[in-house]
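In the part that follows, the structures are each spelled out as structure tokens.
Shared chain: chain A. Partners: chain B in the first complex, chain C in the second.
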Partner chain A sequence: MAGEEVVLKIRRFDPSLDERPRVEAFAVPLKEGMTVLDALIYVKSRLDHGLAVRFSCRMASCGSCGMKIDGRARLACETQISSLPRGAVAVEPMDNFPIVRDLVVDLERFFARHAAAMPGLVRERDPEEQESPTGEYLMAPGELESFVQFTYCIKCGLCSSSCPTASTDALFPGPQALSQAYRFLADPRDEGEERRLERVDAEHGVWRCHFAGTCSAVCPKGVDPALGIQLLKRHVMSARSPFGRKKRRGAPVFPNPNGDLLGQP
Partner chain B sequence: MAGWFDPRRTNIERWAYTFQRVTGLAVLAYVVAHIGDTSFFVGGPFGEGPSRASWAAGLSVTESLLGHLVLVMVVLVVVYHGINGVRLILSEYGVIFDKPSRPDYPYRAKSLRAVQRHLIWVAIVGAILAALYSGGLLLG
Partner chain C sequence: MRESTLMQMQYVTAVLAVLLVGVHLLMQGVLVPYGEAVSFQRVLSVYRDAVDGALLEILLVVVLAHGFNGLRTILIEWRQTPSWTRGVNWAVLVAALATMAYGTRTVILAATGQVS
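Here is the complex of A and B:
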């Protein structure tokens, strides 16, 4: 390892200055356990301060460092250089997003789509319970299990950047938003089913997915958005069919015997 | 569009997806050509009406080595598209996946394994066997 180098071939592009992207190569001294993000930080601090790269947690939690590494969407902080094939490492911004500069893409629309999926409990019966809770909603462990994996999403955008439908249909909400829609439809506490179905059972909605599955192949958190989307299709069909299984009304509130939720009397 | 044809370093479902789209277009082209072909000779724009001779003339369009190869390709494409289509319908009913559950590292997506993935191979092998069988009949 000592004395070895890795070459990063980074795609550079500043839309306000450049007509088209160009690739620049940087040689970085290899260290044991070095991630692609470590190497990029080395480039930024020692070789070219102008390199635009976004990161924060460096531990696959914040979802900031999504990019295309050797042709595949990955988190730079989670990708060890030793896990990649030998030779130069191609580093590019994620597909399907507008480029802000170099490796930084604009996630605004992506977050807006997440917001449009209504990522919060909708309650018809006791809306005030959300603001001033008096207890907990009752839910069986099995019910939690049925959607908990979809709550692991860190909104990194890797799934939507790899989706072939998202690359051809600009109005498609993408795997992230659709799997979040399912996460709340499957949640026994939620009562927003009709509004949620209207949003996903639409022209550019869930039926545009033809199950290429790449979203799930690249997801770094085991969310498996493709599974969420297929189950979402089943949910839509069930809800729309006279013979389908219907969702029961939202889970009831279980008063907290210890006073408020922090256990204060 | 480029996104369709860039399945580098990802999953077999992505290839299945690309083939499903391409074979879908091929089946559509074949159906249009087939209907055009048969209607031309049966009834026909020259008003000669259906007859054994016009039917035979229609058949003769594919009575060549190239024609037979095209027909074998049609069998390959139709059988793949059909079986893979059933796989996609089953996936929309959620019946070919393991149930969702709390994921553990290293994550392996439940939608990309088990019965679902085996069915892709059923579609591929089924299409090849059907093409071999039809090739045997037509070319043998």
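Here is the complex of A and C:
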């Protein structure tokens, strides 16, 4: 390991200056346990301060450092260089997103689609309960299990960057937004079903997923967005059909006998 | 029409098409020898039989509905402007109905002995 180097072949592109992307190679001294993000930080601090790369937590929790490494969408902070094939490592920005500069992509549309999925509990009957909670919504453990994996999404964008439908259909919401829509549709505490269904049951909505499954293959948190989309399709069919099995809606509030949620009597 | 309704139709017509095309292929070469099955008089007799004629008409409608809806899906994924989507929806509906009408006309003419 000592004295060894790894070569990063980084795709560089500044849309305001460059006509087309170029690849630049940087030799980085290899250390045990080095991640691709460590190597990129080395490049940025020692070799080229102008390299644009986005990162924050360095522990696969914030989802900031999504990029394409050796042709596959990954988080740079959890990709050990030793886990990659020997030789130069190709580092590129994520697909399906506009490039801001180098490895930084514009996530504005991605987050707008996440927001369009209404990622929060909608309560029609007691909206004041969300503002001033008096207890807990009752939910069975099995109901939680039906959607809990989708709450682990860190919104890194890797799923949408690897989705073939997202690359061809500019209006497709993408696996992240669709699986989040399912996460709340499956939640018995939620009452926003009709509004969510109107958004996903559209010409460029959930039905355009071809079930390639690449979203699930690249998810760094083990979430299965492809499953979420299939469950969402089933949910839409059941909700629209007079014979379909309907999900329980609007779980009641279980008053906290010890006072409010802050422990005040 | 809602997209989920169209997809429901797509799934139902897919299942029906497998069954009906299966029956059709059985009649066209397995239960009845191929050379005999495609002879002119034999084909006419199939149309004139009430059950077989009805099955042919159902097969026509099912396969056309499935095929044209699939074509519509491909086309609306191809480009994503609202005018394109609207145009594709109408064009495919008109084309499907026109083809169904022409096919139905053939079934009726053959079944009522106006083809000999």
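Just so we're on the same page, the second predicted complex is superposed on the first by the 265 of 265 C-alpha atoms of A that agree within 3 Å, B and C clash if a C-alpha of one lies under 4 Å from a C-alpha of the other, contacts with A are read in each partner's own complex, and residues count from 1 in each chain.
The definition used in the following text is that contacts are C-beta pairs under 8 Å (C-beta built on N, C-alpha and C of every residue); 3 or more make two chains touch, one makes a residue touch a chain.
From a predicted model like this one, the values you see are computed outputs, not experimental measurements.
With both structures placed on the common chain, the touch criterion links A:A90 to neither chain B nor chain C. Applying the stated contact rule after C-alpha superposition, one finds that A:A226 touches chain B and leaves chain C untouched. In the overlay built on the shared chain, the residue A:M237 is in contact with chain B and with chain C.
Within the superposed three-chain model, A:T214 lies in touch with chain B and out of touch with chain C [touch as defined at top]. With both structures placed on the common chain, the touch criterion links A:V7 to neither chain B nor chain C.
With both structures placed on the common chain, the touch criterion links A:S146 to chain B but leaves chain C unconnected.
Contacts of A:T168 after superposition on the shared chain: both chain B and chain C are touched. Shared contact residues on chain A (touching chain B in one structure, chain C in the other): 168, 233, 237. Here chain B touches chain A in the complex through residues 1-4, 7-11, 13-14, 17-18, 20-21, 88, 91-94, 97, 99-105, 107-112, going by the rule given at the top.
Across the interface of their complex, chain C is touched by residues 165, 168-171, 201-205, 207-208, 233, 236-237, 240-241 of chain A. By the touch rule above, chain A contacts chain B in their complex via residues 70-72, 95-96, 145-150, 152, 162-164, 166-168, 210-214, 216-224, 226-228, 230-231, 233-234, 237.
Residues of chain C touching chain A in their complex: 2-5, 7-8, 73, 76-77, 80, 85.
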